[in-house]
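Next come two complexes, and both contain subunit A; in the first it sits with subunit B, in the second with subunit C.
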Partner chain A sequence: MIDFVQNTLDGLAIGSAYGLLALGFTLIFGVMRRLNMAFGPSILVGIFAGAWLHSHWSAGMIPVFLATLAGAVIASAYVERLSFAAIRGDAALASMASSFALWMQLEEAVARVFPQRTYAFPTFEGLPMLELGPLFLRPEYLVMFLTAAALVAGLQVILTRTLFGLHLRTLSDNREAARVSGVNVAQVALLTFLLAAAIGGVAGFLIAATDGQISTKLGMWATMKGLIAMVIGGLGSMRGALIGGLALGVVEAQAQWYLGASGREITTFALLFVALILLPVGLAGGAETGARAEAGRRL
Partner chain B sequence: MLAVEALSIRYGRVRALEEVSLTLGHDEVLAVAGLNGAGKSSLVRAICGLSPVAAGRVTFEGRDITGHPLYALDGVALVPEGRVLAPSLTVAETLRLGAGRVRARELDARRTEVLDRFPALGQRLNQRAGTLSGGEATMLALARALMATPRLLLLDEPTLGLSPAAAARVFEMLAALRRDGLGLLVVEQDLHLSLGLADRVLLLRHGRAIGQGPAASMPDARRLEDLLIADTEQEQLIC
Partner chain C sequence: MDFYFGLAQIIGVHTLLGLSAYVVLLTGQVSMAQAGFYAIGAYTPGAMTAMFGLHILPAIVIAGLVSAGIACIVGFPALRVKGLMLVVATLAFGEMVRLFFFNLTWQVERNGELVGPNGAEGFRAIRYFPQNGWEVWHVTVFIWIVVAVVMAALWWMDRSRAGAVLRAVGHDEIAAQSIGLNLTAVKVGAMTAGGFIAGLGGGIYAHTVTHIEHGVFGVLLATFAIAYPILGGLGTVFGTLIAVLFIQGFLIEGLRFMGDWRSLLFGALIVLAMNLRPTGLLGEHAPRMKHLLGLRGRKTETLESKEAN
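Coming up: the complex of A and B.
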């Protein structure tokens, strides 16, 4: 029982990072109506920018964090210009395919510049392990969970209290309504893309700082985790993205403990299939958003 | 205030509008009439940069605004065909959306003024736009446009799908707006309604202007309808 609770606690921490990745996907999907397959690789660029700063200048946590964020945002801006802004209208498949090509391109570029298999990333060392009765909480996990919570709260404020947030929600709900109301749709879409990249950059930083080492596999890993969490939660719903991320984290942690590493992968995909087949609207269910209705028609 | 000169619109090989010209002054109402597919929506949308212009010129208050997107136009607002609301936004959020980038105090002033015109919306501020009735949704689309404090208001079939009573209320509202100094360009299928309000009328058929002139000198609504349907060009109206 203690094991189960301990796994749940660890799973919620990792799951909060998955939730951030899924949130990034969802924001982009909302305004663009298409998946950005190069989302993870954009984050990869950021993480390696941070690692570079760390190894060449022995930079501390804060500069590395800022470099990670900047790298992810710049790489995403590149992806948006090339594969989303340039391909307009109903060509969703073309956009997705070209974002897939950019995935390969970004990953290859990073692998050329950083030929070793793994690189060191700074960690939150020196923070004490927290004891909650019989349970332990790794300090990185606490940082991860609290940062994710703060980010979600901040995003909520942006979405509900600012004009940009209102524009973003209008665009996600009904693109034409945004246009006829005098919203600069292209600009809002770009800003949303960059906001998603920043959120993904934070998630990537937290994950890298928890592991202490990074490889170029992290790009694909981030895309997969984010996509799976997003689909589990229900395509197009922000609350669903968070719930999906947390659920994925907990299920993975339990499976890892009871079934081992290969059991974890099998369980993850089983969860994905269950979500797709039994819960076509995802765990968050219910409330139909414009983005989700659209997703239903597209997929 | 508004001048459209020889405006042509194409969608690929479809010629939606052919060299249509019109002018509209302050506190004037121009009604646009024509059958489905005559090019009315294309005209309205091209004026505010939502449809591509193949040839011709649009000037507003002396400035060339041809092809300028709606978000960059100061003083022009649109009530689009079918209302086009974002269903998940509340009434209050939809009004906020219409105002664009303004200060809090200015926003409050505009909201008060608009809600004075539409008291029914004031009681539904937290209701989602997708749950409004047809008449309420039309009022919200109109209110959203007014939040931008336009001097020129473009309306594309604002009475579509409304009961005759609700349609008459919309036109009462438009009459009040004209009294307050707005220029109105209104696309309307119901000729009885539009002839009752408009100063001038523009008749479109197959993308061409087949007549334009003062509403008072137009034939009655019945005969106008016949003209719009007629396939012969000899019935050109020069008023």
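Coming up: the complex of A and C.
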């Protein structure tokens, strides 16, 4: 029983990072109505920029964090220009194939600059292990959870209190209506893309700082986790992305404990498959959103 | 010379993989499960020939049938979801298949050595071709005969009522339903046919490389599978063939002299191709080719060109 609670606690912490990845995906999908396969690899570029700064200049956490963010945002801007802005809005498949090609490109570029298998990433050192009765909580996990919570709160403010947020929501509700009422669609789309990249960058930084080492596999890993969490939670809903992320984290932690590493992976995908078929509206449920209708549309 | 035979084999096998995604794409469904069916098709006949000494022909046909059966079973629940959700669902299925083979260990003793899938190490020694004295060019010709048969079958299907039915569902499901087509049957049928072709491809692949392991059948391969018909266009089966030639022949082998920079250029060229022709190299409205060859368009062409305008 203690194990179960402990796993749940760890799972919630990791799940908060998954939730951030899913949020990034949801933002992009909400506004673009297209899937950005290169989301994870953009984050990968950021993480390696941070690791480079750390190893060459032995930079502290804050410069590394900023470099991660900057790398992810710049790589994402590149993806947006080539795979989304340049391709017609209704050619969803073309965008997907093209962002996939950029995925390979970014991953290869990173692998060329960083030829070793793994690199060190700075960790949160010197933080004490937290004990709650019989339970333990790694300090990294607490940082992860709190940062994610703060970020979500900040995002909520941006979305509901600023003009940009209003535009973003209008655009994700109805593209045509947004255009007619004077929203600069191209600009808002680009900014949303960059916002999503920044959120992904934070998630990538937290994950890398928890693990302490990074490899080029992280790009694909981030894309998969974000995608799975977004779909389990329900497409096009911010709340769904977070719930999906947390649920994925908890299920993974439990499966890892009871079934081992390969059992964890199978469980994840089985969960996704079953969730899609039995509960296509996602865990968050709720009203039909424009994005969800769009997701069911013929590609 | 062996290099060119090897390349021809890769192109042949990937054409089968691409065609399996093409059939499903005709109905407007994007399936990322093709790599999974391909994996099933690779492990099954590998087991048949290496473990139980079956002839290659029945082995790959059985592989196709097994893959088709599983595609049919998966198709019923999976095709309840559409569009992007289907992409994710089939992706999940493909990964489940891969992880299943990652964990599968089942070895039997044959001629004094253990053969069979061995978990992460993969399935070694699928040596049907060398054991039976097949030379490289025999294998290459064999592969291309299979490819030609499959392409001819699809070409014929495309020009028959079945092709029109598939395309009708692909263009507009509601309209297709209103003229009395059973959407589930059509989609699951396409999925089953796709599974069969992917199984054939996987079966041949396993025998040409002699050693298969789960890592090959990941998301990357699944994406390649759908990228071929998307890049080639859904106009005819030749679109897929051209895309495979372009990607495997030109982008991967032809640019090998560029070393590691190849992957960077690879990405750029795909992006360029998708920008210039979002509906594929030979799109559904590819009249020029037909005019060049002096062929008359299909019956459905008027409808399609109307939609294009």
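The rule we apply is simple: the second predicted complex is superposed on the first by the 297 of 299 C-alpha atoms of A that agree within 3 Å, B and C clash if a C-alpha of one lies under 4 Å from a C-alpha of the other, contacts with A are read in each partner's own complex, and residues count from 1 in each chain.
The rule is simple: contacts are C-beta pairs under 8 Å (C-beta built on N, C-alpha and C of every residue); 3 or more make two chains touch, one makes a residue touch a chain.
As the structure is a computational prediction, the values presented were derived from the model and not from experiment.
Engineer: In the superposition on subunit A, see if there is space for subunit B and subunit C together, and answer fit or clash.
Structural biologist: Partners fit side by side after overlay.
Engineer: For A:269, select first, second, both or neither according to whether it touches subunit B, subunit C, the two together, or no partner.
Structural biologist: second
Engineer: Which holds for A:170: it touches subunit B only (first), subunit C only (second), both, or neither?
Structural biologist: first
Engineer: Quick one: classify A:179 as touching subunit B (first), subunit C (second), both or neither.
Structural biologist: In the superposition, A:179 contacts subunit B only.
Engineer: Specify the angle subtended at the CA centre of subunit A by the CA centres of subunit B and subunit C, expressed in degrees to the nearest 10.
Structural biologist: For this superposition the angle at subunit A equals 90 degrees.
Engineer: Which partner chains sit in contact with A:237 here, subunit B, subunit C, both or neither? Use first/second/both/neither.
Structural biologist: Neither subunit B nor subunit C is touched by A:237.
Engineer: Which holds for A:8: it touches subunit B only (first), subunit C only (second), both, or neither?
Structural biologist: neither
Engineer: Who does A:36 touch here: subunit B (first), subunit C (second), both, or neither?
Structural biologist: After superposition on chain A, A:36 lies in contact with neither partner.
Engineer: Report the partner of subunit A that touches more of its residues: subunit B or subunit C.
Structural biologist: More residues of subunit A are touched by C.
Engineer: Rounded to the nearest angstrom, what is the minimum C-alpha distance from subunit B to subunit C in the superposition?
Structural biologist: Minimum over all C-alpha pairs: 7 Å.
Engineer: If you lay the two complexes on top of each other, which residues of subunit A touch subunit B in one and subunit C in the other?
Structural biologist: Residues common to the subunit A contacts of subunit C and of subunit B do not exist here, since the sets are disjoint.
Engineer: Under the stated contact criterion, what part of subunit B meets subunit A in this complex?
Structural biologist: My answer: residues 50, 69-73, 77-78, 80, 84-89, 93, 96-98, 100-101, 144, 148.
Engineer: What residues on subunit C touch subunit A, complex-wise?
Structural biologist: Touch list, subunit C to subunit A: 28, 30, 77-78, 80-85, 87-89, 91-93, 95-96, 99-100, 102-103, 170, 173, 219, 223, 226-227, 230-231, 260, 263-264, 266-268, 270-271, 274-275, 278-279.
Engineer: Help me check something: in the complex, which residues belonging to subunit A touch subunit B?
Structural biologist: Result: residues 163, 166-167, 169-170, 173-174, 176-184, 289-290 of subunit A touch subunit B.
Engineer: Taking the touch rule as given, give the residues of subunit A at its contact with subunit C in the complex, in rising order.
Structural biologist: Those residues of subunit A that touch subunit C are 29, 35, 37, 82-83, 86-88, 91-98, 100-102, 104-105, 108-109, 112, 220, 224, 227-228, 231, 235, 262, 265-266, 269-270, 272-273, 276-277, 280, 294-299.
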